[in-house]
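Should a chain be cited, it is by its letter among A, B, C and D, assigned in written order, with residues numbered from 1 in that chain.
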Amino acid sequence: MIRVGIIGATGYAGIELVRLLCGHPDATITQIISQSFVGKKISDVYPHLKGILDIECRELNTDELPAQCDVVFTSLPQGTSSEVIPPLYSAGCTIIDLSADFRFHDAAVYEQWYKMPHPAPQLLPDAIYGLPELHRTDIAKARLVGNPGCYPTATLLGLAPAVKVGAIDTNSIIVDAKSGVSGAGRASSLEYSFCECDEDMKAYKVAQHRHTPEIEQELSILAQNDVVISFTPHLIPMKRGILATIYATLKNDLSLEGLLNIYGNFYKDEPFVHIYENGTLPSTKAVAGSNHCHIGLTVDQRTHRIIITSAIDNLVKGAAGQAVQNMNIMLNLSETAGLALPGYYI
Amino acid sequence: MIRVGIIGATGYAGIELVRLLCGHPDATITQIISQSFVGKKISDVYPHLKGILDIECRELNTDELPAQCDVVFTSLPQGTSSEVIPPLYSAGCTIIDLSADFRFHDAAVYEQWYKMPHPAPQLLPDAIYGLPELHRTDIAKARLVGNPGCYPTATLLGLAPAVKVGAIDTNSIIVDAKSGVSGAGRASSLEYSFCECDEDMKAYKVAQHRHTPEIEQELSILAQNDVVISFTPHLIPMKRGILATIYATLKNDLSLEGLLNIYGNFYKDEPFVHIYENGTLPSTKAVAGSNHCHIGLTVDQRTHRIIITSAIDNLVKGAAGQAVQNMNIMLNLSETAGLALPGYYI
Amino acid sequence: MIRVGIIGATGYAGIELVRLLCGHPDATITQIISQSFVGKKISDVYPHLKGILDIECRELNTDELPAQCDVVFTSLPQGTSSEVIPPLYSAGCTIIDLSADFRFHDAAVYEQWYKMPHPAPQLLPDAIYGLPELHRTDIAKARLVGNPGCYPTATLLGLAPAVKVGAIDTNSIIVDAKSGVSGAGRASSLEYSFCECDEDMKAYKVAQHRHTPEIEQELSILAQNDVVISFTPHLIPMKRGILATIYATLKNDLSLEGLLNIYGNFYKDEPFVHIYENGTLPSTKAVAGSNHCHIGLTVDQRTHRIIITSAIDNLVKGAAGQAVQNMNIMLNLSETAGLALPGYYI
Amino acid sequence: MIRVGIIGATGYAGIELVRLLCGHPDATITQIISQSFVGKKISDVYPHLKGILDIECRELNTDELPAQCDVVFTSLPQGTSSEVIPPLYSAGCTIIDLSADFRFHDAAVYEQWYKMPHPAPQLLPDAIYGLPELHRTDIAKARLVGNPGCYPTATLLGLAPAVKVGAIDTNSIIVDAKSGVSGAGRASSLEYSFCECDEDMKAYKVAQHRHTPEIEQELSILAQNDVVISFTPHLIPMKRGILATIYATLKNDLSLEGLLNIYGNFYKDEPFVHIYENGTLPSTKAVAGSNHCHIGLTVDQRTHRIIITSAIDNLVKGAAGQAVQNMNIMLNLSETAGLALPGYYI
């Protein structure tokens, strides 16, 4: 059994990691590290774990942890990993980091958008961007994976085939993304209070969301060219789910059948990505609680554009599920282990 | 006091008309016509009207109605107005129709998108598109107004200034719109059931929504050129509200300050349209229950695009409130009569 | 025009006061006092007021305020009124206080349940409990009204007739109340965050909620006897609405018709209380946004109990609407002024 | 591997059965019978099953099914099982029925409350009421189990210890239950539409809900006496979850500690029932998606009553999860097989 440690387990992504790992046939959680709840049982913080996982939250000890765990998931606030990840990495740990810190190749891009110094730039050359559908081979060889952001995951899975084959004008890409509120984390600010969010929606951080450079980095690799996009996130009154509606202009004529072929081929062996047939479109509850990404495609002949709708669960394929998928790859387990069950739909 | 008749009062737009007219200083509801509830008190169908408006629903009598009402609102299913509106119009009624039937100049466009013969094409030359911010003068002289659709209202108010001054490439317009479920009407299909809609979102009718030609008709008038757009509606788990996020490429450089000036000038005398300053952005609860449209503007210098977010309440500015606004104009009342109160926000 | 001041206008009850007073034919808001937002326009704090009410929030000046206002609504945190209300009252102000401070006859009861010294016990003999359906005559003569709590309002309106006529065993009363989240106020704690409240429900403060003694005080007056009840509040994932389901054992046989008569008589002249006929039952959206209370009655012959369901909007009849109703009575205006419009239902 | 057939798989309880059985280590779904979707893949009806379970829905063949399945779950509309269950039972099938048809000992009680003839009264002597915490031994020997209703499950688990030890007056029991909308099933009526349910709550079927006699049957067995209760269900704007708040008068003085001991003892070996300590109380999200029941206890010394709050997921412990638990018992598998994972909480 793989021994797993989770640092920062008590945010929503952390607790989803716990949920998924409880069902993993090859892994067992041995260490739950949470600064806020040291000494408390995890089931006292999260009562849904009563009788299922009652282990105690511990303080971080970077000396002992490498010996206690085969893999460590880190879910720390942005930019705080400098004290945590370098020592663990040096000590030989296999690490999957859920923050943005190790997603970027260029520390300067990180610093421009996150407005803070990069906490451990020396590790960036080793770190691999943890989107399996694009970087499986490199992930398999990595000991440090930067788990992708939720919006980028939905967007990149939605765009990759079209960009890869060069079907679209990469200057024309517009991503209009909508997310449930759990994407903001286990927050206690007025902005994310029930009464301020319920029965309401809005765009935010328009033309300035920090996920933009992450998406552009990966699209540029696929396109072998610098790609710049418009990315607009929106807050939606629900807990889980991301729907990215993506617009791009076709370079040449393409039928829906042709587009479905491109996507069908690109994802034909992928266990977690499903392309809807016949112009049908996904809704987020189809992937709620699961690690799947459902994609619908439309060709708008009137405007010579394609419209892609890409649906994921922001906490699963957008965070914890993808992290477990990366762990499976890095530790040479079955890639779908612990991720094979249906989501909950209703 | 203006005597008002409402035909088809028992849908959600109809019942919003009732709510707004109850508070109108110059109008009184004298006739509620509802095929489904003939003989029932409106407060038995809608208990929130108990003790406030208890009048009985009646059957339609196109002979008597003109004498009983100074203005008639019609909220009938698409394409069914042929038996209702022509006789009332001939009899001298002032009519505001909430269906799509009288929004179009060209019956052929209607027939192409609504896939049915136009119910009364002979009236189209007389009908005026009821968006006051664009057609106030013509509305004032009209006796038949086609009240705009909800998505088109949010979209047109969001785009009109930029299109009018020629600041954007009208071939580049993309409208990503999100709506609460009341836009579907008082429906009892599985698709709009609570369990299928709650905690879920999806795009629908991508590249084929019937509001597309309506938006294009009006933008083409503003642009003095044929405009074709991409329009994508989405269903959001809330009752009221539309947020239209609109993308367009700038023809020339423009600063945010410049864009705010354009919008500020265009709407400076408009009582119901508010442009947010300083890059702040609206959320739909700011307009819930009110006839206002709140607009936020962003200039994305990286992509040379503008992003407009336009928020309305689909039942008010998107339907009943705009209908009352049109009535006020047509009958030479104060334009804000019955529409001056704050929405309910929480 | 009555000049109105609102102290503590920026909580949810305060902003509902603003909404209702904007539509009041005889009152105008002249002073908005808010410690948190001094110098800011109220429409910058609450954008739904843009273009409707743009006045600036001011600091409290207990010397000037009496001359500027004919009536003052105070919506301060519990127990903090000692610095505010006594000076205003001495200066001759007419005050409606939305806190619990002036609801009690006995300061000792207040101190036992609120666990703090009463801020101004010297004013208790003058203060009147502001439930018009029970104390209209006294309210009309008062200059200081303690506006009732939301749960007590729903409960007392639901029970008063049965208790008054002695139809039930007052030792048997059980009140199971459910409330939307706005009852917690404009909070920013984790407990009231969207993700913690959405798709969730729970009981809280069982057998210890501070509204219990308030309900018992008023029932004891009606019963002319000490009444002790079980009161259980619950948090429900919605913004507005209280439903109180009340159980009591009949002293003697009583038919549903008999019970409906008792309630019909008790409330026959009340503009804001409606008894549902024929065993139909109210839902909270029937009163959302309105000052009405809708009551449904059942006689459970199998257990010799009556079950009363009483629905109000916690922010309106449970707070701001009732406060305006009290103002109307205290200032000898039409009691329904500013409260006559329908709620919004959908 | 146990071969499982599900008849009526396409309702919400049916699809939860599919979800849970997909994760069951000892069972595999071999037959999905659905009248409505014959010939369609289950993943075309429920897209969350894409790539996980793509088997085709078949027509019912009562001749073939017994040979194809080791156990059959039936989820048919009330009263329609007469054509289905008797032939399967005679053929030797092990059957767990999710309808109310086989919960009752007395066909006359069923007929009085369900207002239809009992479909197969000859099977009632063999059928066992499928609440494991009360009837494990009999379930283990049964071939036909009537899976309990959702409200009765929450209520009986909440009351059983107190009734069993005789701590409460069984004439005083009041059950105020609140349920999410999925309890109404996969409905397409106006009453359960999103706009009619969202932001709304109400009581319904007061003093007449069909779950009342089911609860009374089981409480009477525990009490060894006829028990009659008041039961009031409420509809809450969320999808999953039941919270039953139960009131009963103590026969003798009892401290909270004493009450916790009674419940702790009664449930000490139960894997799915958890009693909260120290007066803490459960919320439904603690059991969302899981087969657990969480119970909180309060002693109200002022009224000499106990108040029990019992939380379950109506689709899991209230239907599908309990059905799987019964299957495990009937087929001598580990009782927690397929039910051991955490729920999803957020």
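Observations on the structure shown:
The definition used in the following text is that a residue touches a chain if its C-beta (ideal position, glycine included) is under 8 Å from a C-beta of that chain, and two chains touch if they have at least 3 such contacts.
These numbers were taken from a predicted model, which means no experiment stands behind them.
By residue number, over half of the contacts seen at A-D repeat in one listed pair from C-D, B-C or B-D, namely B-C. Centroid distances built from C-alpha atoms place D farthest away from chain B. Computed from the mean C-alpha positions, the centre of chain A lies at a distance of 39 Å from the centre of chain B.
The geometric centre of chain B is 36 Å away from that of chain C, both derived from CA atoms. Between chain A and chain C the centroid-to-centroid distance comes to 46 Å (mean Cα coordinates, whole Å).
Chain A has residues 12, 182, 195, 198-199, 237-240, 282-283, 285, 288, 346 in contact with two or more other chains. Of all residues in chain B, only 174, 176, 178, 180, 195, 198-204, 206-207, 228-230, 232, 234, 236-241, 243, 245, 247, 281-285, 288, 296, 298-303, 305, 307, 309, 311, 346 touch chain A in the complex they form. For chain A in complex with chain C, the residues that touch the partner chain are 12, 181-182, 186-190, 192-199, 237-239. Across the complex, chain D is touched by residues 12, 15-16, 18-19, 22-23, 46-53, 182, 198-199, 239-240, 271-272, 274, 276, 282-283, 285-290, 292, 294, 315, 340-346 of chain A.
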